[in-house]
Amino acid sequence: MRIGILTSGGDCPGLNAVLRGFCKYCFNKIKDVEILGFLEGYAGLMNREYKQLTPADVENILDVGGTILGTSRQPYKLMTVKEGDAPTKLQMMVDNYKKLKLDVLVTLGGAGTHKTASLLSVEGCNVIGLPKTIDNDIYGTDVTFGFHTAVSIAADALKRIRTTADSHRRVFFVEVMGNKVGWLTLYAGVAAGADAILIPEIPYDEDKLAAFIAEKMKQRRSVVIAVAEGAMSVKEAAMSKKERRDYLVQAGGSPVTDRLASAMSAKTPFQCRSTILGHIQRGGEPCAFDKLLSTEIGAFGAHLAQVGRYGVTVCVRNNRLGFNILTDIAGRTKRVPSDGQLVLLCKDTGIYFGD
Amino acid sequence: MRIGILTSGGDCPGLNAVLRGFCKYCFNKIKDVEILGFLEGYAGLMNREYKQLTPADVENILDVGGTILGTSRQPYKLMTVKEGDAPTKLQMMVDNYKKLKLDVLVTLGGAGTHKTASLLSVEGCNVIGLPKTIDNDIYGTDVTFGFHTAVSIAADALKRIRTTADSHRRVFFVEVMGNKVGWLTLYAGVAAGADAILIPEIPYDEDKLAAFIAEKMKQRRSVVIAVAEGAMSVKEAAMSKKERRDYLVQAGGSPVTDRLASAMSAKTPFQCRSTILGHIQRGGEPCAFDKLLSTEIGAFGAHLAQVGRYGVTVCVRNNRLGFNILTDIAGRTKRVPSDGQLVLLCKDTGIYFGD
Amino acid sequence: MRIGILTSGGDCPGLNAVLRGFCKYCFNKIKDVEILGFLEGYAGLMNREYKQLTPADVENILDVGGTILGTSRQPYKLMTVKEGDAPTKLQMMVDNYKKLKLDVLVTLGGAGTHKTASLLSVEGCNVIGLPKTIDNDIYGTDVTFGFHTAVSIAADALKRIRTTADSHRRVFFVEVMGNKVGWLTLYAGVAAGADAILIPEIPYDEDKLAAFIAEKMKQRRSVVIAVAEGAMSVKEAAMSKKERRDYLVQAGGSPVTDRLASAMSAKTPFQCRSTILGHIQRGGEPCAFDKLLSTEIGAFGAHLAQVGRYGVTVCVRNNRLGFNILTDIAGRTKRVPSDGQLVLLCKDTGIYFGD
Amino acid sequence: MRIGILTSGGDCPGLNAVLRGFCKYCFNKIKDVEILGFLEGYAGLMNREYKQLTPADVENILDVGGTILGTSRQPYKLMTVKEGDAPTKLQMMVDNYKKLKLDVLVTLGGAGTHKTASLLSVEGCNVIGLPKTIDNDIYGTDVTFGFHTAVSIAADALKRIRTTADSHRRVFFVEVMGNKVGWLTLYAGVAAGADAILIPEIPYDEDKLAAFIAEKMKQRRSVVIAVAEGAMSVKEAAMSKKERRDYLVQAGGSPVTDRLASAMSAKTPFQCRSTILGHIQRGGEPCAFDKLLSTEIGAFGAHLAQVGRYGVTVCVRNNRLGFNILTDIAGRTKRVPSDGQLVLLCKDTGIYFGD
């Protein structure tokens, strides 16, 4: 059996741990297996650049951040672009899949990776997707590896910032990753005892936020607010995409936390500060939870390959590993339900969501 | 509304975080609420020792290990013991429940705590249980707070020991907490890349284990084996409880890891060592996952109190908080299914379970 | 004996641990001691706002980030500003020192705090300074508490970023705190295996840096560069302060890492990214080293108070605690010697310093 | 230039970081350098088993615990034992040193390693020792790599145990590594806020200890005592080595913490528990401090090799790297001075040392 595997899209804690779980299962349970690790994501498949993976390659990578295969971003939209007579990127990959006589291609990636995987599947390649994202926004799975590591890093950072906010009696707006969905901000915010949590799914009202801050500062020395990159005001939420883009350009293109800090400095008498957590949230060693989950997901993906269950992506549903049909989930997004149990309970404990 | 709350049984990361989530919900959502925090577990209820909790008491305890209320172990079997004319402990508690005019008693504890809570419920007290255990063995809930923190600590310790095992070409038996169930050992073992995992649910065979070690040492420099306190050999598993006790006394009462290290020193040519992780696994600051889970569980417990849903214990099922009837789950144990998905997948990656 | 104590300037890990060590010594060794903790730094002394500290106040704060007394920034230059007939801030503090019949005032702070402490000393107050800074730039002491915690946080962040840089074959410029001195960047950079380290004390040359990056990218998949906030090019270093300010305004006021990332994107063919670590470096729980050092420094400061050694600041020299005369060290800065042993050894291992 | 290098004795965090610093310096600064890494400590030199190290071998090992060369314990006393006509181990090593035409042999190890290195030096080999020990007991150096990592692990464990002790109102005796010296116990104990610290250098009196515990339990809910493995009572301290051995055998060979817990259970009314931290203290990733120190020490060792300064061991004195003559320091031990500044200051803050 000849298996291709690649990691695609942004870095995510647990990629190597999944590779390890996958390969260990294969070497242990599948006769005469060959595993080709394509380098730099889909680029490796396009350019037929790969290395054959051995047990020694994956023995010691459970704890190692990043991906031993390298990764790159290959925008989905460019996959089928024709330039003159040259084959499209998609055609190149399908050709190589055939030339290399792959039985199956396994792709570790997020939403974009899954869309491309879905295209390959439609073109007749046997594909299995393994969902990777710190955003936790992949449709049809309860959780993805990398998410809890990012939660843990962001919560720890928020906790450090609280002590500084307390020392100086300040209001802090802390930007957490998450452009379209607020899972990471929500989880990290709750885990760090944030006073308010602003996410794209629940637009905030500036005046209500100012009133909340004023009230809270009567009770404690500081206010710490976890803000998703893509958080937006009620006003912005009512705009069209284009209007919003123009509006943000006018606002100087500054991050939402900066805009909030200056708005709240104007509307309240408190020192407001902003900080961006940035890249530290998506790299490095996975947490214990993700090492376990990654190992399981890798092994389960290998099991699907073994039994020939293709055109699917692995998922976790109700604490069991299973799979979804790739074409069903590609292009869909799992967003935080604004009336879900977690958000409602958090509101009831006094966490403010900006609405 | 007058609510009593207590923490009972062994220490567990997240107790304070649950108290905080519970109180914050109450202060925020329930009119004229009074919360009496009984001191030192059920002992506080027996002796009417408590402090009235205020918002300030719980504001800054999300990260703090232990319990601000104190705890004690009150064996369930002694609850109904009569000594002369003195009231039983159970009677004392029921009396105080009435004297203090409690509307509901909330108990944070493990299996034993739940059995006592069940007795109180049968006696007519309104009781809500919040499941606490690093063992993850409470029946009817997918997960309990404290468990993932313990996994994280144990996995980190196993990882440190691996480097020493590698440096010296050794076989290491590492005792993880878990007398009756192997959840903690299983999760920490997988997360730390243990070569073998021995848990009470899957008895091991010494000769097979020796053969596994010999084979593994051909492939790598060390073998690290995660062993639950209560792991036992096939021979022991076939004994009656009494026979087993006698057998262990004869073996000098030494921990299973010590016995395994000397058995494997005899059966293999390798340096075998044992170490016991001990108390570090059950104390200290909760991990981010548990801070979130504890906050949710506390808030949901408060919600049940608010709506008068008594005689129950909070559970997490399929990622949603819910509840079980106390009398249904008291006395039952959730064990690792030896043919469950996780164990089978782990076996397929080459982790040895001793059978 | 009546002692006043305050924490002043920016937040720093270990402030509470110093307070604890100081108070424990006093309560244990000085008869009839009273300790007044002034609130919000020098502001508390100006406004006579304080709380009397008890053993219980400091028992559990060894691990707690921030300062239980609060802090504020009181620019040294404003201390002696006269507005009409109102007393200066300095006079208000001297008055209150006398009115409260203090025997000594203990100030925990950095360079600015020490300058003000020196003024108070000149005015006849008995003052003892305890040096606090994550920058490690206080003259006359080998190390200050808070520094090693900041090193540890920054090094951990750099390590996470390395895996992302490796995964994507990128060049990363990571901004570490340090406007005037490079100690934190130097230590964190070396501890994290940074390829290059740019600090204010050693101006960089853009072309040489580009050449270094190009050479390094032949050998490995990524380049990670630790950059102090105040790092500057040879060109900037040759400017007067005013010229430099104008130059930076013209450059759009963007952080040095952003400017470096775009300069190197232009001069090399690699993807260059920048990220700013920000506030997480100065808050939160101290590391073990700083808990020890803070306890010692606090206790030694109390010892100086006990024996009446005033007008001094505590220092660590050659692994022993001692003291410097306040007026000797106020206003002086300890910079990284560009030809010191550490820098030279680091260069010899191949770390690039930009010159 | 042909350099041999080996790691010997027990595992210690930072070994790989030193190897990396050493090799990087050599590859960067010494022309035509060859580095032979002997496998499994001195055994590799005896058996001429080594691998030639390349830049790629050491690029990514800064964070990796253990030693990529392997290690073993080779008791110093057996080095010169003659068995029939066979050469002694020492002779074998000297022969191989010559056959392999080494210019210098670099040994990373502790006290025992240094004694053997000293023998080799006397036999005419060029030797440079790099001091490694978590015990910090090497004579003539202020600090050794690995020590602060061990402090940090032990302090973190002690902190976790405090919350459990607090929750249950218990007295905890926690065994920290250190058979002959108490540095690790002292530093970790202070950093963790231990109430008492028992080390070999300061024998304890059981009755005074019981009185201290009784007094302390009036003030707080728990007592946590950091106990070095080799801590002993005044009675034991007065015995000859042989008497002490017999005494301990009579006591059942149980660890000092177990003996203390049962003695204090008898002499006080409190629940006393003991726990042993064990192997977790000496393995795994180094802390940031040790990554820096290891890099420096490795580089400085390479510098000494380059300039031909042999028969020495690297040391840190007053924050500068330097060296001692091997034969001067071999066989000597750096113990905690019972009247040193740190011990005296700690006593003054109320920490009890058992005397």
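Order as written gives the chain letters A, B, C and D; numbering starts at 1 within each chain.
FYI, contacts are C-beta pairs under 8 Å (C-beta built on N, C-alpha and C of every residue); 3 or more make two chains touch, one makes a residue touch a chain.
Note that the coordinates shown come from a computational prediction; the quantities given were computed from them, not determined experimentally.
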> Taking each chain's centre as the mean of its CA atoms, which one is farthest from the centre of chain B?
Replying inline: C
> How many angstrom lie between the CA centroids of chain A and chain D, rounded to a whole number?
Replying inline: 43
> In whole angstrom, what separates the CA-based centres of chain A and chain C?
Replying inline: 35
> What is the distance in Å between the mean C-alpha positions of chain A and chain B?
Replying inline: 31
> Using the touch rule from the top of the page, what residues of chain B touch 2 or more other chains?
Replying inline: 159
> Can the chain contact pattern be summarised as a line, a ring, a star, a complete graph, or none of these (other)?
Replying inline: ring
> Considering every pair of chains, which are in touch?
Replying inline: A-B, A-C, B-D, C-D
> Can you name the residues of chain C that touch chain D in the complex?
Replying inline: 21, 24-25, 27-29, 55, 59, 62-63, 142, 148, 151-152, 155-156, 159, 187-188, 190-193, 219-220, 287-289, 291-292, 295-296, 298-300, 302-303, 318-321, 341-342, 345-346, 348-350
> Across the complex, what residues on chain D touch chain B?
Replying inline: 7, 10-11, 15, 40, 64-67, 70-72, 153, 157, 159-164, 166-169, 172, 221, 273, 275-280, 282-284
